[in-house]
């Protein structure tokens, strides 16, 4: 049975290889190959899942060892897989949502002549992501970790002819690299501390290591998580990543890849458990990001960027939960799964809207679309209700649990974290309502005005077919796109409830992550009710602002905070001024130094030698007699020398 | 008298010849001075051979003469051709040997 | 015998000593003259003298063969070669002892002095104690001894010197030989060329008009008694060895005319038309 | 005296033949008549392939578990100075010989048209023959210097290598720059002279050290000296050992090149044609790092340990400095050159970290860096030959018109930034771990190198390949068959060694163990005994 694990990774990898090396002759069928192989790995996942359910909770962990990768002295890197409940959850999420989004892309990328390569990249991503969650040691995980980074680089920059896309891709990869640095340092620390970096031995022997060392490892892992999961301070790439095609945003930058950080933290639970400091930092990062993303999400008029902000904030929830320790891990993962459903659904909905609106992304040019694209409206709406945590839907369960856990942390930090989480919930309700209203309700602002504003050059090839600058004709997307949306909508409605009833999810994950029920200082009911209240408040404000009054097509100047939030709270400006400019100056000056100083010294020596010989050559006056004089003098000196030698 | 005096004489002649080579410009005279030096050496050789009581010194002197003869022949030829081209026998006129 | 050697080790016969001091002085003087004589010819002669002295020294040092060779080869052949070249090259500005390279002379003298002192010093404190004459070496003849060595021990060197000499001879020929590139011009062509260039159509005037001495070094006189440079060789002129007799010749001419005028009671001719006649003759 | 480590096998002189074949091939190629240009090319290619076969034979005949030096050959050469013609290979040498023999055919194939006359008609054009002959000559010398176990013999080839390299750099510039461009010619000769002078200075200092070593040890034989050191028969004064070590190390540091002796490399690689640049950085420079491992550590263990801190800092500077300068470059080839400087920093750091991981990683790094740089540089060469310019600013949107070229270029770049799954990652991570285990701070700072690597690689790719298509590159042709034949195997190899480096590590590890025992170093042990 465990031999199937390798196939999980192999299938999409094969797809990637075939599609990328296949050449043009595969253009006709490429997308189907990709989709089928993604589905294959989903099916294998189901099979393994069924098999796993058949076993008792304790012996559910499957391992498969392929071969020894790097054997050098004590440094033994293995290529081996480990499939336990945690990995299984991810496998199903990744391959499932992945397959759906493959399917969706078949329609979405229909008019792109490089569709084959797009599916190649998607398959590559699936393979890397599955490798990431299936690896049984940190180094192999690192391979998957960077693999997904590469895939996301390729996909964000898929429309390379757009400079903005190329830049965004580069930025994403670089910021991720900073995180990867953390991961590699963490691995080195593990190697020097434990002499190994396989999950089993390391996590088993955390008890013997010093807390300081564990804290260091934990913080390094956290750094890695921040890079991949777009947490403050490494969050700046996620917004730009929306340059990529919408399915990419849905799959990679909402559902799966960005949650890898959460996976890493939960996977390293023992390390974090042993180091309260690391946990504290984790929770702080989560809380800050939670608010940060939410605020950014409120200000964006670009629908995808608004959703990106919300993604950031939701992952903030997960990291916060993961930082809480055993009381939070389970809920972090649970929220991760539900979020995977509804956020993917929301993105696909956004994509479908753009598909019908000549790839217009500015929500101020939407409005009243519910009549024109009913399915999209319904699915998007369900996703909306799920994410704001409408009672009964997925988001409600998962988010509510997290807030409870946050309060349950106890002490002042418990209160702080809990209230931050609550505030986040309110803001979530606000900005999601805003998106909903601006897109599907209100008067139709897209009438009689060309879409695709000049400063947002339309990228998606579909635009060429609709005629970019004509008045848009909103229409429902084809089945191949709507079916995945429907499926995801179903998931985002029922998943949460399914997991929570009888604490299924807790029992499922407990063997891996451990679970301790945290009791909030106030009763769980109070927490839930307060959540409801803030939710209503948030939604209400949004309605007051965008539902009652007409939405101006051109964004108003807005308050200072709004303007800052539109610019990602000046994060990018900071990066630009400090890192980019500074870096440019540094490199320029270094190039100068290299040319003048390091090189100059050498050339200077050469020049001085030349000058000296130039003077010496004056002695060469060409008169044989003066040469003879020097010769004669030399002879005299020789004699003198010999005499002196004999003297002594 | 101590035969070492021959050596002193040889040294004296040699020095005179060398100085001559340095201060005269006329190639022919320079050559003569070279001959003088060679002869001084020969004298020294002969004196040595007498001191050591074997003939090797004389042999060397003999070879020196032969070489000197050859050298004079070539040298004078050079002087002549030099004179042909430059219309002067001054060693300073052949001063192209510089950078 | 050993007694003799012991004695010989420290001194030689008084006769030799006397000879050494006298001839040695001569040799040194000759050498100095070689260096400081203005004219190459004189240098050559002084050098020859020095060489002869050295030949004598060789003989006294028991190098009979070398002594003879010195006289025959050096003084006889090589110095003659020098003289020939001196004649070929003639006299040039190089003869002036005036130094042209700055500081050359002082450097040279300094080096020479230092060198000499060092050399002498070196010989001075060299341990040259053993002195065994060429008694046994020359036992059966100096020449035979040399020959024995040359053809046994030094035979290769000897062969090489042979090669060297041949090479030298060939080299000298190559250096001095001038390839005739164009056909030698006949006398007729030469004459025509002279006419074309319009210079000195008739042969050069002979020297020695009114000659009193061997006429080579006396410029011939033009009818008015002035000397003509064309008549004496360039070399002599450069050496400044031309003797000008025009003045006394003109005086003689005056005297002659006066005598004839007294005898014939004739008025003397005005020098003016005399000049005119001269013009005509030019 | 013959030591256990040099049991001369009287059999077939495999090493001599492997090195001799390209040498003979070089002469033969040079002798091909002027008009038969293509024949010369094919001859050179065949010879290099035959050499590759021989290298594979060495790879097979070599037993990783066996003696330290195998396939030994030993003949008296200059008896008076005890100089012997003594060859032998350990695992490290075998790996590098294989790398050299592997790369040369690609170099030749990639440079197929680099030395053609500008007007194809000219039948009296000799340089083509010269170009390929010189490449083969370099191969012969490099292989010999990997094989030589006699210090003097090694020195000879270490220096002789400069001659053909000088002519390759100075004589053959980019085709793009040959169209009567005087400035380019002068720059080229400047680069060639700079290359020559730098390496000559290093070489001369090394010569002094070699002589000094002979004076101290009384022999040139590496194994004899090493055994004498090990058995304590030969003890050098600390001062002497340090001076000798510095003499050797300086030469190798110039060749490697190590900051601040690096400035010849950008000029040389920038001016030379891409294949020659590959020859410089992927083959010739490896001799320097290889020699550090074989000679510096083995002959002067104490001095090596004494100098380690300084060298590590210099290597660290090389890593960061090279990467930063690579970011600042405007010229594609110079960018790759500075990237190489950064990588050589990693190699040297790994060597002097004095841990198993570090040194195995460094050796592996030499091989991988050779392959990855070859891939990147050769593709860059193809790109440059199409557009006729080395300036990054002259390109843009190539990916649109020549996707295969762009793809291979990207893979080469990803290998350069050592992406996991490609060969360089393995070696780089090993070096980092090995360094970190002993010098945590240096290890951590060095990891910044991987971020910078990503920066310069992606900036290069973005500026050349992406964005709107520039008019000049609009009708740029995609890779031709010959070029694909050059690139594809390299990429395949990169992926294979990235996934399964075990074959190489198995050969290298024993040799590294020997070196570690030479310097009497043990790997630092983990603080915690991990539960298994």
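Should a chain be cited, it is by its letter among A, B, C and D, assigned in written order, with residues numbered from 1 in that chain.
The rule we apply is simple: a contact is a pair of C-beta atoms (placed from the backbone, for glycine too) under 8 Å apart; a residue touches a chain by one contact, two chains touch by 3 or more.
Labels paired with UniProt names: B = NADH-quinone oxidoreductase subunit K.
For clarity, every value in this text was computed on a predicted model and none was experimentally measured.
Student: Chains still linked by touching once subunit A is gone?
Tutor: Take away subunit A: B, C | D.
Student: Report, in whole Å, the distance between the mean C-alpha point of subunit A and the mean C-alpha point of subunit C.
Tutor: Inter-chain centre distance comes to 105 Å.
Student: When the centre of a chain is set as the mean of its C-alpha atoms, what distance in Å lies between subunit A and subunit D?
Tutor: 37
Student: What whole-number Å value describes the gap between the mean CA coordinates of subunit A and subunit B?
Tutor: Each chain's C-alpha centroid was found; their separation is 94 Å.
Student: Would you mind pulling out the distance in Å between where the CA atoms of subunit B average out and where those of subunit C do?
Tutor: 17
Student: Please list all residues of subunit B that touch 2 or more other chains.
Tutor: 18, 22-23, 25, 92
Student: Note the residues in subunit C that touch 2 or more other chains, in rising order.
Tutor: In subunit C, residues 101, 104, 107-108, 111-112, 115, 119 touch at least two other chains, as defined above.
Student: Multi-chain contacts in subunit A: which residues touch at least two other chains?
Tutor: Where subunit A meets two or more other chains at a single residue, that happens at 621, 623, 625, 629, 632.
Student: All pairs of touching chains?
Tutor: Applying the touch rule to all chain pairs gives A-B, A-C, A-D, B-C.
Student: Given the complex with subunit A, which residues does subunit B contribute to the contact?
Tutor: Within the complex, subunit B touches subunit A at residues 18, 21-23, 25, 91-92, 94-99.
Student: Quick one: which bits of subunit B touch subunit C in the complex? Just the residue numbers, please.
Tutor: Touching subunit C: residues 1-9, 11-20, 22-29, 31-33, 35-36, 39, 42-43, 46-47, 49-56, 58-59, 61-63, 65-74, 76-81, 83-84, 88-90, 92 of subunit B.
Student: Would you tell me which residues of subunit A are touching subunit B in their complex?
Tutor: 617, 620-625, 628-629, 632
Student: Which bits of subunit C are touching subunit A when the two form their complex?
Tutor: Residues 101, 104, 107-108, 111-112, 114-115, 118-119, 121-122, 125.
Student: Along subunit D, where are the residues that touch subunit A in the complex?
Tutor: Within the complex, subunit D touches subunit A at residues 194, 197-198, 260, 262-263, 321, 324-325, 327-329, 355-357, 360-361, 397, 399-400, 407, 414, 419-421, 425-426, 429-430, 432-433, 436-437, 440, 443-444, 447-448, 450-451, 454-455, 458-459, 462, 465-469, 499-502, 505-506, 509, 523-532.
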